[in-house]
Amino acid sequence: MDAANTGESYSYLGPAGTFTEAALKQVPEAAGKPWRPVNNVGEALADVTSGRSVAAIIAIENSVDGGVGATLDALATMPGVRIVGEYLVPVNFVLVARPGTTLAEVRTINAHPVAYAQCRGWLERELPAHGHLPATSNVQAAAALFEDASADAAIAPPGITEHLELDVLARDIGDNPNAVTRFVLVSASRRIPDRTGADKTSLIVELPSDEPGALLAMLEQFSTRGVNMSQLQSRPIGDALGRYRFVIDLDGHLTDERVADALLGLRRTSPNVIFLGSYPRADRREVEYPSRFDDAVFIEARDWLRGLITGEPGA
Amino acid sequence: MDAANTGESYSYLGPAGTFTEAALKQVPEAAGKPWRPVNNVGEALADVTSGRSVAAIIAIENSVDGGVGATLDALATMPGVRIVGEYLVPVNFVLVARPGTTLAEVRTINAHPVAYAQCRGWLERELPAHGHLPATSNVQAAAALFEDASADAAIAPPGITEHLELDVLARDIGDNPNAVTRFVLVSASRRIPDRTGADKTSLIVELPSDEPGALLAMLEQFSTRGVNMSQLQSRPIGDALGRYRFVIDLDGHLTDERVADALLGLRRTSPNVIFLGSYPRADRREVEYPSRFDDAVFIEARDWLRGLITGEPGA
Amino acid sequence: MDAANTGESYSYLGPAGTFTEAALKQVPEAAGKPWRPVNNVGEALADVTSGRSVAAIIAIENSVDGGVGATLDALATMPGVRIVGEYLVPVNFVLVARPGTTLAEVRTINAHPVAYAQCRGWLERELPAHGHLPATSNVQAAAALFEDASADAAIAPPGITEHLELDVLARDIGDNPNAVTRFVLVSASRRIPDRTGADKTSLIVELPSDEPGALLAMLEQFSTRGVNMSQLQSRPIGDALGRYRFVIDLDGHLTDERVADALLGLRRTSPNVIFLGSYPRADRREVEYPSRFDDAVFIEARDWLRGLITGEPGA
Amino acid sequence: MDAANTGESYSYLGPAGTFTEAALKQVPEAAGKPWRPVNNVGEALADVTSGRSVAAIIAIENSVDGGVGATLDALATMPGVRIVGEYLVPVNFVLVARPGTTLAEVRTINAHPVAYAQCRGWLERELPAHGHLPATSNVQAAAALFEDASADAAIAPPGITEHLELDVLARDIGDNPNAVTRFVLVSASRRIPDRTGADKTSLIVELPSDEPGALLAMLEQFSTRGVNMSQLQSRPIGDALGRYRFVIDLDGHLTDERVADALLGLRRTSPNVIFLGSYPRADRREVEYPSRFDDAVFIEARDWLRGLITGEPGA
């Protein structure tokens, strides 16, 4: 767990004990390699593009709070990184306090804003008069309890008690028992992971400005090829109100004919398409699509067209 | 004008004097070659597929009466022919009679049904009590005046008096002064005429049966590539009511990237696509389309995709 | 069977023995009323608009030859008529000749062009050397055998032998054993037949000229309301090549909410929509559509919108 | 500036000095009324629904960071509020410190995460080694400088020096000089502000689950009526990954026929449509749309349809 062997290391949002570290534990190739904690997604991507780390794991979407803006914006503006894997971490929270504290004594709660938002229902019910002190990470919130008395309790991941001597005042305080955070592993390699049949392709697409119907035209590039979107997130481009880019996850791999053909269509109609990667889905669920969009159908059509152009008798 | 030199001849719907012959006069390569009159479009196509004629000219659409059903159905069901040229003939009619006949004496009019339909307004106005005797061709209608007295007058093309000794009772009796018939030259050659920039591509497309939205999906194959349709004709497939094939003319040539890509899309989604040919438009009007569908845009997108797949650093 | 009681009569394309008469026999309200044979569809419609007949029956589509151009064009250009019923007549043909004639002796065949086209396969197989003499109706073709010897045989409906003393040389000579002709009953009444749940609505729609995608936009008016088209026929408007109107049959009745809403959309986007009528389908098959397009869904949405506008608390 | 006169007050995210207070200063009807600072958007909306305040102003979108998740989620889940006005506040930041501090001495910066994100470029350039301490509001970040020494400087709105005795170390440190935040005024009134011709309509729409093409179908409800979207934000519904609702701003007013008709279409096809309000645009720019979607076109079509149904002779 030391970054000494630079170039082999894996970067993650630290410190130890975060959900990001839990995600990294799922990455087989990271086992036994040095893990490098960083402070934000920009640092994580910079580690990758500079070669300081072989890969980095970053949170990209939360089932409760949506796309992680900082990650999506960083992927849109930092060229040279590719997503090569996807990992899901169930999100569970405990309320922890310095030993001896009781729930009735809790006035102020230290918590990362996203974690805080996911526990709001429980907090309003159980501690209606509480105050909130924001923290930079879920682990830092707990650790700060030892630094000063500005907070009485903290919201933290369940694994926190492996690292810190804290009392658990309540478990499973998240409002949604199925909450999950999606992480992606990014690297600087141009090699695309092999097609597995259970793949995802991630893109960032800008639309031609001031063309009514441009979004519709973009979505038709997928629908006319039987390509399903599992995610569509709008993010402001940032230069003016009302200008968006779209972060899209497709079912399928770049080397699936229907996906490749949809990408051709996108590239032709969009002023900017960023290919973020094709990689195995975390849930390994096989992609389903109508059989009329099979690879063989695309190949047969190309052969037919070639025959027409060259004048082969069979065409 | 004799079909002795078999294999070099051009077939047309005879006899001499028909509008079809007028169309054939516009075909430069037919000048000086033997012309072979035939009785119907089936014979004309059979001449071409058997090698009896090098090409045949057939009427495909009339501005008043629409697509010529027999031609469209023959093209849909007789494989092995290709359209290689397009010719327009203005449609004008005269009312002719045996020498000495006056308009007031006309009771029964011999006329091909399509010609008759195009003069109905004039006839109802000038000869409200007339009867109609149908003929197999415009020229045959006139020629029949000499065979028996079953008709008093005939509707015929203006050039008829070059061939037959008849009196012209009235000129320009067609209801639409701009009426025009579109003819196509068909051959058995698999070689597609070169792209001129003012081209047309003709197709016959069947839709997947009982899929609501199938026609919409077909048309989107064109609209998403900026390909304009100049003609869309539905024709019954013939096996049951409500089953149609569509005869389509596109602006552009098979070797235009946007047309080729639309054909790929069609081929993938349609159970049957018949490519009838790409050929210069009769009016030589250059094809217009949005510049975002230029060939270069398609080529750039393919290069980009190839770079992604092979992992080139630039992509 | 006499047109004496003018104003109560039913017009049909005569003479007695035609398929049109067979269709009229299916019309319950025509039983016992005078039937008035006419020569063409224009006469039939004029009988209706002038009040000479209470209704007329006309052929609108043939499963082999497609839409009947004269009928579709007449409906598009003669205002004041409405379709009030639909009837199907199986199309079967016999080859008849003067008594004593054998099949081997047949050289020339008298036949209406549409009937001739539907028997072409049989004729080419059995009588490859035959000639064709066109007739104005299937019955006239048979009757003409007695007038002169210009033809040796005629193609006619099976019922012809009830009217004429002819030998049947061959039965069921049509190429398609399932061939059927669709007839419609038209009247001048503005009263729309009641909704039965198994209804059809017929329209003629023109597109805004020179707007690419106009056809697509028209079809979307139906698809976005779950309205299925059972027929789409293009007909030339007649003023110039490439200008079409579309004859459309929809599943459903004008008083079905989804159909009414689609008509509103059409009316807004089309320069010309002709409502030809809503009437029970000949096959009495109930219309199927996704339940999300039920009348109740449209009504609920209108109530919701009204609540929003008036500021009702419930909305 | 006191909430004594309950029921007349305006709630805003406090304390005094925030951008939200700057937005409230733009609201004419709030002048001279008590202003009530609250801690978060949930409190602000609760003030409105409980009648504690007559209205509340809340940030809904930032040109750099996108939709304000907490606001969008609160509007989606707290019924009974309506947007009645829109206000834009340019976003400018200063770096402030306790008197006597120099830029070179700054190690740790206190800042609200959104403000911090908008200054990241300047910070990485000028203070590459800094640390970040998150604050709950831009004003609280500055105020905390007097509470303890955990931070050396704070990011704050330019107006902060009117309230606090601080040194300005740098001005205009935001990365985007055109950054702007969009605020909306919400109330519990069901009365919709009158149409001005320069209006916006805000909606939250859920899609039928697991229907491919559902988003496309939703967008077609707008495009087929010429209704332009100025905003489309996806937000997780929160129950599972991949399930989104869409927050949409339309050009136009609920009483514009084309907008009303699009809402009907949405209501019919979406399992849940929340109407957030129609209100004048902050920029007062008149809505432009194709004239074929004028109110008169909708009204004429309805009259035509009514005529068909009732059988009026004119229709």
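Chains here go by letter, A, B, C and D, matching the order in which they are written, and residues are numbered from 1 within each.
Here, a residue touches a chain if its C-beta (ideal position, glycine included) is under 8 Å from a C-beta of that chain, and two chains touch if they have at least 3 such contacts.
Just so it is clear, the model here is predicted, and its values are computed rather than measured.
A.B. asks: What are the mutual neighbours of chain A and chain B in this structure?
C.D. replies: none
A.B. asks: Moving only to chains each one touches, count the minimum steps from chain A until you reach chain C.
C.D. replies: Between chain A and chain C, the shortest chain-hopping route counts 2.
A.B. asks: Any idea whether A-D or C-D has more C-beta pairs in contact?
C.D. replies: Of the two interfaces, A-D and C-D, more C-beta pairs touch across A-D.
A.B. asks: List the interface residue numbers of chain B and of chain C, divide the shared ones by all numbers used, and answer same when the ratio is over half, different when under half.
C.D. replies: At the contact between chain B and chain C, which are copies of one sequence, the residues are largely the same (over half shared).
A.B. asks: I'd like to verify one number: the distance from the centre of chain B to the centre of chain D, where each centre is the average of its C-alpha atoms, in whole angstrom.
C.D. replies: Computed value for the inter-centroid distance: 60 Å.
A.B. asks: Using mean CA coordinates as chain centres, what's the gap between chain A and chain D in Å?
C.D. replies: Going by mean C-alpha positions, chain A sits 25 Å from chain D.
A.B. asks: For chain C and chain D, let me know how many angstrom lie between their CA-based centres, rounded off.
C.D. replies: Inter-chain centre distance comes to 58 Å.
A.B. asks: Check each residue of chain D and list the ones that touch at least two other chains.
C.D. replies: 220
A.B. asks: Under the stated touch criterion, can you name all the chain pairs that qualify?
C.D. replies: A-B, A-D, B-C, C-D
A.B. asks: Where on chain D is chain C touching in the complex?
C.D. replies: By the definition above, chain D touches chain C via 190-192, 217, 220-221, 224, 254-255, 260, 263-265, 267-269, 275, 292-293, 297-298, 300-302, 304-305, 308-309, 311-313, 315.
A.B. asks: Per the contact definition, I'd like the list of chain D residues that touch chain A in the complex.
C.D. replies: Listed in rising order, the residues are 42, 61-67, 69-70, 88, 113, 117, 120, 132-136, 176, 178, 180, 182, 212-213, 215-216, 219-220, 223, 228-236, 238-242, 244.
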